[in-house]
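In the part that follows, the structures are each spelled out as structure tokens.
Here subunit A shows up in two complexes: once beside subunit B, once beside subunit C.
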Partner chain A sequence: MATDKDNLYQFLLRLGDSSLILSHRTSEWCGHAPVLEEDIALANTALDLIGQAQMWLEYAGEVQGEGKTPDDIAFQRDAWDFRNVLLTELPNGDFGRTLLRQFLFDAYQSILMGRLIKSSDVTVAAIAAKTMKEVTYHVERSADTVVGLGDGTPESHTRMQEALDYLWPYVGELFQGDEVDIAMFQAGISPTPETLREEYDALVGRVLSEATLTVPESQFSHKGGRTGAMHTEHLGHLLSTMQWLQRAYPGCEW
Partner chain B sequence: MPQPSIEQVWEWLASVPDPEIPVITLVDLGIIRDVSFQGKTCVISVTPTYSGCPATSIINMDIETKLREEGLENIILKKQLSPAWTTDWMSEKARDALEKYGIAPPQSVGVPKRCPRCTGIRLDKLSQFGSTPCKAQWRCQECLEPFEYFKCI
Partner chain C sequence: MKNEWPLWEVFIRGQHGMSHRHVGSLHAPDAETAVKNARDVYTRRNEGVSIWVVEAKHISATAPGDKGPLFEPSESKVYRHPTFFKIPGEVGHM
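After this line comes the complex of A and B, so read on.
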């Protein structure tokens, strides 16, 4: 049976890996965004996310107790050991899809972090409070962009609707709990994911409707990222870029 | 050397500039949360501005370099996450220095008060993000110059 320590470690990996993988995806835009301001915004968002990943993974390493640094955890695990939600590992697609994914994730983070501020675990609460300040302006920006593009030209609207149709089946996973989540709930560390859905649907529904976008009717949802059961084929490719240096030259520093 | 007083250490730290915005010091920025001695070891608690700010490691290096120059040998830098850093901790002196340097200081209403170049008040937000995580890009409609605004968090 999983111990409290194992459960907390898994919980922290889920938070840290989701931020880490989305950070890497977002950083792929560096130097490629449609305008300079957006390029800077994407790079800054990636930077905030990697800072958050560092805090979660540092604490994960402490809990695990094997002396691992956040870098060890980020660069020396393979795809099946990652616990990020699938949404974060999907390819960027066009700028609209990237920003819509960012919004779907920011909305989730803004609700989750708001709850984790009251966590019984003081380190989780401290990281959440720090993260919340950054998430607040992330979600403001991504929501504005989703509305601007969704309720924009016929071309941008079509692309945003296609992006929503593509991404929506990955949203359900954010709210599917398992035994790790129940253990975290019982310890007062985190709410169960299912209880965040109502608030999420209200926030996302309001922005998507302002963006004149239609939420797909299908309830189907991909899963397996946060439990580690099955990632998409995209994660391995992402890791081969992200981890290349540390794999080729283990322990390399500058 | 005899152990310096806590006040002395604060005074030394008050001369260390921020690596990105050299017109303000680390103490003015409000990121040094505590100075104490544990036996002969000087313990400095530093809180990060933004979680991923790359200046954090340079800041730690600058603190250590300064204290070593002053003769301290045993130094521990502790990262303090809670309470999370807020621009409310920035001193008045730092706010004035920022404005003179061309960066609009943080305002609790969340938008800059005036253009740091011409003091114009008709302002547009260009982007919530700027050249460092702590700044946003704005433009003055009066002098038409872009400027940076230190975000209020």
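After this line comes the complex of A and C, so read on.
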């Protein structure tokens, strides 16, 4: 039987890992974005996300009570211990797909953080409040880019539609709750994921329709990231880059 | 076809009460994006509380060649500076 502490720890890992893994993915664009302005904007987003990850994982470490730092948690776990949603670990693809993935995640985060601000757990509420400011900007920026590219040239439109077809089956996982979510709900810490869906669909639907993109009809959804049951093959490759230094030189500081 | 986004000049106000200062330029497809880009490129280290952007083509400027007629005449008019007054010590820093 999972204790309250275990459930809270899992809940915090899910938040922290999603920010951490998306941060790493976004940082892969550093020096490669199509224009300087976007390059810096993406790097800023990556830094915001890593700041969030640090706060969530620091609290996770406290809750776990084994003296682990955020760095220990980020760099010394293997793929099966990660609890990020699958959406965040997917490869970047082209710039449009990266920004669409960002938007799908930003929209989710903007709604979730808005609720977590009222969490019964004061630390969760405080982290959510700080995160909310960042996310408000992120979602505005990524939505604008999605509209610009979706409703852009025939080439950009085609690429964005392909990106949406590829990414959409990973959206459902954001709203699939389990016993951890129920425990968090009962403790007044977080709403259950299912209850965020309606607001999400309204926000995302509005932007995608302005972007002249069509949401795929299939209800199929990949899952397994936030429960840790099964990640995609991409996560291990990402970790081998992200964790290389701490694996090769354990405890290295500079 | 011209693929380049237009150039925008960026002005940032560092603190309340100060005026906006030109800090540089960037490319963006429209004004709204220019403001966002300016936020990302020029205020990463907490430099500002307000941003103005203006498309560079809307700025009228003096020609470098006109420097002589425009600015040199004032060089010899030192009396236009209030430097000949003695400031009483009690006034302090002005």
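Assume the second predicted complex is superposed on the first by the 254 of 254 C-alpha atoms of A that agree within 3 Å, B and C clash if a C-alpha of one lies under 4 Å from a C-alpha of the other, contacts with A are read in each partner's own complex, and residues count from 1 in each chain.
Criterion: a residue touches a chain if its C-beta (ideal position, glycine included) is under 8 Å from a C-beta of that chain, and two chains touch if they have at least 3 such contacts.
The shown structure was predicted, so the numbers you read here are calculated from the model rather than taken from an experiment.
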item	value
Touched partner set for A:Leu49, first subunit B, second subunit C, both or neither	first
Chain touching more of subunit A, residue-wise (subunit B, subunit C)	B
First, second, both or neither for A:Gly148, with subunit B first and subunit C second	second
First, second, both or neither for A:Ile127, with subunit B first and subunit C second	first
Which of subunit B and subunit C A:Ile40 touches, first, second, both or neither	both
Residues of subunit A that lie at the interface with subunit B and also at the interface with subunit C	37, 40-41, 44, 137, 140-141
Interfacial residue positions of subunit A with respect to subunit C in the complex	35-37, 40-41, 44, 137, 140-141, 144, 148
In the complex with subunit A, residue positions of subunit C that touch it	5, 26-29, 32-33, 36-37, 39-41, 44
Subunit B residues touching subunit A - in the complex, by the definition given at the top	48, 50-54, 81-86, 126-131, 133, 137, 151, 153
Touch list for subunit A against partner subunit B, complex	37-38, 40-41, 43-45, 47-52, 54-55, 122-123, 125-127, 129-131, 133-134, 137, 140-141
